[in-house]
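Have a look at these structures, which come just after this line.
There are two complexes below, and they share chain A, which is joined by chain B in the first and by chain C in the second.
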Partner chain A sequence: MSLPTTPPLARPSRPSWLAIGVGVGAVILVGAAGLLLGAAGIDSIQVVRALLDALPLIEVDNTLTEIQLNVLYEIRAPRVVLGGMVGAILAVAGASYQGVFRNPLADPYLLGVAAGAGLGATMAFAVSGDSSVLAPFAFLGGMAAVAVTYTLGRSVGGRTTTSLILAGVAVAAFATAIQTFLLQRNSETLRQVYSWILGQLVTVGWGDVVGLMPYALVASAVMLASRRMLDVLSIGDEEAGALGINVVRLRWVVVIAATLATAAAVSVSGLIGFVGIIVPHTIRILFGASYRVIIPLSLLFGAAFLMAADIAARTLVAPAELPIGVVTAFFGAPFFIMVLRSMRRSG
Partner chain B sequence: MITWDGVSVTYATTRVLGPLSLRVDDGEWVGLIGPNGAGKSTMLKTAIGAVDHEGTVSLSNGKRRPGLDIAWMPQRPQMPDDMTVFDYVVLGRTPHIGYLGSESRGDLDSVETALRKLGMLEFAGRGLVTLSGGEAQRAVLARALAQEAPVLLLDEPTASLDIGHALDVLEVLDELRAAEGLTVVTAVHDLTLAGRFADRLVLLGDGIVRGDGPPEVVLTEDLLRTHYGRGVRVIQDQDGPTVVPTRTND
Partner chain C sequence: MKRTALCGLFVVVVAACSGPDSAATTTSTLGGAGFPTTVEADNGSVTIDQRPVAIISLSSTATEMLFAIGAGPQVMAVDDQSNYPTEAPVTDLSGFTPNLEAILSYEPDLVVITFDPGELIAGLETAGVPVLSYTAAFTIDDVYRQMEALGAATGNSEIAQQANETIEADLAEIVENSAGVGDDVTYYHEIDALLYTVTSSTFFGEIYGLFGMDNVADPADEDGSFFGYPQLSEEYVVASDPNIIYLANVLYGESAETVATRPGWDVMTSVKNGDIVELDSDVASRWGPRIVEFAQSIADGLEEYQRG
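Our next item is the complex of A and B:
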C-alpha cells in the first residue's frame, strides 16, 4: 500500500502523560502520608525534617530520637513500600485475569486464587514450619485453584461471566474450609498463619520487601509485556487465533504470571480482596479500556490504593489496627456490585 | 492461490462439510453461495484452522500462517464495546508484530490506509459500541484489510450494509484484487450481488459442491430451486443474472 506522507492520524491507545503524572503523584503523596502517620505519635514536621535530612546535599536539623528514627526506617518505611508492591501486583494481576478470562469480575480473590495460595502457604507451615517454602507452596495452591475454577466455570456455564465467578467462590470456600481445618488441628504451630487470614501488613520488615521483590518484578514484567496481547484476546479465542496468536499458550503465560504475583503477595500480606476489581475498573472508566492503558496504570494506582487503605487500617481505630483486607472489602464490595450492575445494563 | 483438497468436517457423528475440493487462483474472486447451514462458514474456518478437519487446505506459497497469509472476516465478530475503532483495526497488524514488539510507523500507515479505503477514517477515535451495524461491519473489514494478507476469506462482508455501502465495499475489494492480485473468497447471501462481483460462484448444499462456474451457469432457476427449496426467477441480461424472489413455488 502507498505510504501517506503526513504523520499518522491516530495512534494505538496508551496511558496519557496526565494519567501517568496523576499516578506517580498519588504514589508519592500517599507514600509520604504513610511515613508521616502512625501509632507512635511522632510529630509529622519532624519526620519531614528527618526525611529531608536524609536526602543528599540537604542539611536540616534532625530532631528525631534514635528510637523514632528506628520506627520511621525499620517499621513504617518497609510497610509503606510493601503495601505499594502488594497493591501494584494485586491490581495488575486482577487486570490480567480480566483480560485472559474476558471477564470483568475476575480478581485474585474472587477466582479463588488467593484462597488457594493461602491454603498452600498453610500447608507449607503445617508440613515444614519453614517460612522459606511459603511462596512456592502458595504459588502451587494458587495455580491449582485457578485451574479448578477455570475448568469448573467452563464445564457448567460455557463462557458466561457468572459461572466462572461462582466456581471461584466455591473453590475459595473449599480452600478456606481445609485451611481452617488445618489451623484447628495445628493451633500451636500455625498461630502465625492466623495473622494474615484477613490480610494485614503488620509484621513486615525489609526482609519481606526483599523476599517479594523478585516475584513482583518478574510477574509484573510478564504482565506488562503482554498488555497488547490482552487487547487481541478481547475479540475472542477464534478471531485471536485467526490473527496468528497461540491463544492457549498466551493464556497460560499470563495466568502463571498473575498467579505467581498473587501467591507472592498472599504469602506476605494474607488475603486482601477487591484490589484487582477496584483499581482496573476505575482506570477503565477514567483513562480508557485498552489493556495497554489499564495494565501499566494498574501498577501505579494499585500501589497508591493499597498504601492508602493501609493508612486507614492503622489510623481509623488507633492504637488498634483493622486488618487491611477489611478496609479493601469495605470499599470493594459496593464497587463489585456497581460493576455487576453496569454489566447487566450493557449485556 | 488457495486449495481445499478432500476437506471434510464432522461434528460428533454428523458430517457438516465435504468431502470438498476446490482451487481458487491468484487474483480470482469466488463467491460462496448456498442455503443456511450448507457449510459456507465452516469451509472458510477450515482454512484458518479454527475447526478440526480432515484433508488439507494449502496456499501457493507453501505456508498457511493464520493472520499473515490468510485474513478472515467472521460472520459474527466479537467487538469489545469500549474499544476504539483505531485500536480495533490495529489488531489486524498483530501477525506482523512480535510478542514484545509494538506497532511501527509502517503498521500505523497500513491501518490508516485500510480505514481510508473503507471511508472509516473519521470514525477512528469512536468506540465500537457507538457504531451503526454498517459502520461496525466496515470496521471489521478494515481490520481484515489491515492484515495485508494475500488471501481474503470474508464471511458475509455485506450482510449489514445498505445497497449503496455494499456496492462501495465490494468495489473496494475488487480494486484491491486488481491492484494487488489478492485472492478473494466471500460467502454471500445476496445471490445477485454475489454474481455481480465474483468471477466464479460455488454453490454449496449439505456441505458438498453442487455447482461451480461463472454466475450465469450457477444462477439458474433449476439449480436454485433444487438447493434453496423455493422457486425463484432468474433474469439474464448484460449486467449478468438477477435473481428475483417469487411467491409462487414453481
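Our next item is the complex of A and C:
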C-alpha cells in the first residue's frame, strides 16, 4: 500500500479535483450513513424511503411512525449536520493556527484556546446563570488564552516550536485549574456547565445548528481568504513582509477567526480533541503542504471525520453512548501514526 | 465474589455484636454496653472502643441513617451536602474534597464517609480516629446492612433494627397498595440532562422492579460494563417511548416543562400525557431511610399514569 506523496517544495496552488472529489464524496457518504444509523432501531430502508419522500416531486410510502420520523428529523439529522460543522471548523482552525504560528503542533488544545474558552464560558455562566452568553465569553476566554500563550512563547524562546507549545500547555493547565476550582465551589449552579463541557453532541437540535452557523461561516470565510497569505508567511516573517504582507495584521486576523471558530464549536459541542491536528496533517501528507490545499480540504475532511467519529460514538455500544472524544482519539491516533509511517517509508 | 464474602462476614459480626448473649457484650464494661465492638465497612473490620459521642458524617446518606437510628445526639458535625434532617449540624466540611486537618480540628471519635479521594482513611487512622466508609448501595439489602452496622457502631443496634423493620414494612405496604398497577409499565429514570440513567441492576432500578415496572435502559448495559449507569442515546430514549419519565435532576434545573421543550421530545406519549414525575433530587440519589419516600413517588407516578 503506497500513498501518493508530493515533494515538499512542489506546492500545488489549489487542491486537485481528485482530492476535492474524495472530500465531497466522504462528506456525502458519511453524512448519509449518519442518517441511516442510530440507536433507535429504525429500519434503514424506511429511512431512505422517508428521505426520498421529503424531496420535492417524489412520493414514496414509508412505514415510519410519528415518533420515528421525529427522531429522524429532529434528533438524528441535526446531530449529523452539527457534527459536520464542528468537525469542519475545528479542523480548519487547527490548520490556520499551524500556518500562522508556523508550528506543526499548534492546535486549539495545545495552544490553550479550548481551555480558555471553557473558562470564559464557565465564568460567564457562574456570574449570569444564562446559557445564551456562553459563546461570546468563550470567545473572549479563548482570545485571552491564545494571546498569553503567544506572548509567553515569544518572551521565553523566540518563536521556536517547543516554547510556544510549552506556553500553551501552561496556559491550558492554569485555565483548567481556575475552572475546576469554580466548578467545585459552585457545584450545583454550575452542574449545567459540567454537562456542557462533557456534552459533546449528545443532545443537540436545529437550534444549535442555527446558532453555530454565523460563526462558522464568517470564521471559515476569513480563514479561506487567508490561505494564499499563509503560504507566503511560511517562508518567514521578514520575507513575507518584503513581499508586501502586513504580517502582524494577518496574524491577528487569522488568530481571531480561528479562535472564534473554536469558541463557537466549544460552546455547542464541548471540548472535542484531536480533530484540529489529525485532519490538517493527514491532508498535508496526502495532498500537499500548501495552505491553498490544506485549508479548503480541512473543511471537507474535518466534517467527514467528526461525523464518522460521532456515528461510532452513538452506535458502537448502542443504545448507550461513548464520549466522542474517546472515539476521535482511539481511531484518530493510530490512523495518524499509520499515515506518518507510510509517508516515511515511501519518502 | 469478594463483596459477597465480606457481606456474609459482616452479617455474622453484627449478629455477634448485637445479640444479647454474644461475646462482644459480655466483654464490654469500659466503653458502655456493647463496646468495644467491631463492625464491617467497605474499608474492612473497624474496632470502636467506646460509644462514640463526637461523630462526623461526610456522607449525606450516612447522616440520614444516623438520625434515623437515634444516633443524632451523638453527631457533632456533618458535611455541607447533608441537608436532611434539618437538625443535622451542618458545617462547611466537604465530603467530596475532604480536608483532613479541618476534620481533625473537631476532635471526632468516629468519622463516617462514602468517598475517599486519596489518603483520608489512612490519615484518620494514623490520627487514631476510627473511620467507617460505606459506598452507594447496590441492593436494598445493602441499605439495611449499613443501617445495622451504624447501629452497632454507635450503640443504637436496637433502634436501627426497628428502623429497618419500619422501612421494610413501609416499602411492602406501598408496593402492595400498587399491586398489579406497575406490571409492564415502562419507565426512564433520568439522572442528568446528558441522559445518564440507571438500569434494573442498580439499587434504584431494584425499587422500580418491586412494582413490576420495566426499565427501557436495560438493553444499554446488558453486560454490566457501565455498572448499571449507562448514558443513553437521545434517539433511543425518544423512540423507546417509555410510559413514565422520572426526573432525578430537578435540583439541576430540569422539569416536566424543560423536557417537553427538548427538540424531538414533544411527540413522546409520556410528554403529551404529562406522565413526567419530578423526583426530589436528594431522595432520588441517596440510599438511606428515605427510600420509602422514593418508592412513594414511584407509586404516585404510577397512579397518575393509570388514571390517564
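By our rule, the second predicted complex is superposed on the first by the 315 of 347 C-alpha atoms of A that agree within 3 Å, B and C clash if a C-alpha of one lies under 4 Å from a C-alpha of the other, contacts with A are read in each partner's own complex, and residues count from 1 in each chain.
Going forward, a residue touches a chain if its C-beta (ideal position, glycine included) is under 8 Å from a C-beta of that chain, and two chains touch if they have at least 3 such contacts.
All figures in this text were calculated on a predicted structure; none of them were measured in a lab.
Shared-chain residue A:67: touches chain C; no touch with chain B.
Legend: residue contacts after superposition of the two complexes on their common chain; A:42 is shown touching chain C, with no touch to chain B. In the superposed model, A:337 lies in contact with neither chain B nor chain C. In the superposed model, A:78 makes contact with chain C only, not with chain B. Touch criterion met: A:225 reaches chain B, while chain C stays clear of it.
Within the superposed three-chain model, A:314 lies in touch with chain C and out of touch with chain B [touch as defined at top]. By the touch criterion defined above, A:13 reaches chain B but does not reach chain C. Contact with chain C, but none with chain B, is seen for A:205 once the two complexes are overlaid on the shared chain.
In the three-chain superposition model, chain A touches chain B and chain C at no common residue. Only residues 45, 48-50, 65-68, 70, 72, 74, 77-84, 86-88, 90-92, 94-95, 97, 99-100, 102-103, 105-106, 108-113, 121, 124-125, 129, 147-148 of chain B touch chain A when the two sit together in their complex. Within the complex, the chain C residues that touch chain A are 96-97, 192-195, 217, 219-221, 226, 230-236, 238-241, 251-253, 262-264, 266-268. By the touch rule above, chain A contacts chain C in their complex via residues 38-42, 66-68, 70-71, 73-76, 78-79, 184, 187-188, 191-192, 195, 198-199, 202-207, 314, 317-321.
The touching residues of chain A, counted against chain B in their complex, run 1-4, 8-13, 225-226, 228-229, 231-232, 234-236, 238-239, 241-245, 284, 289-290, 346.
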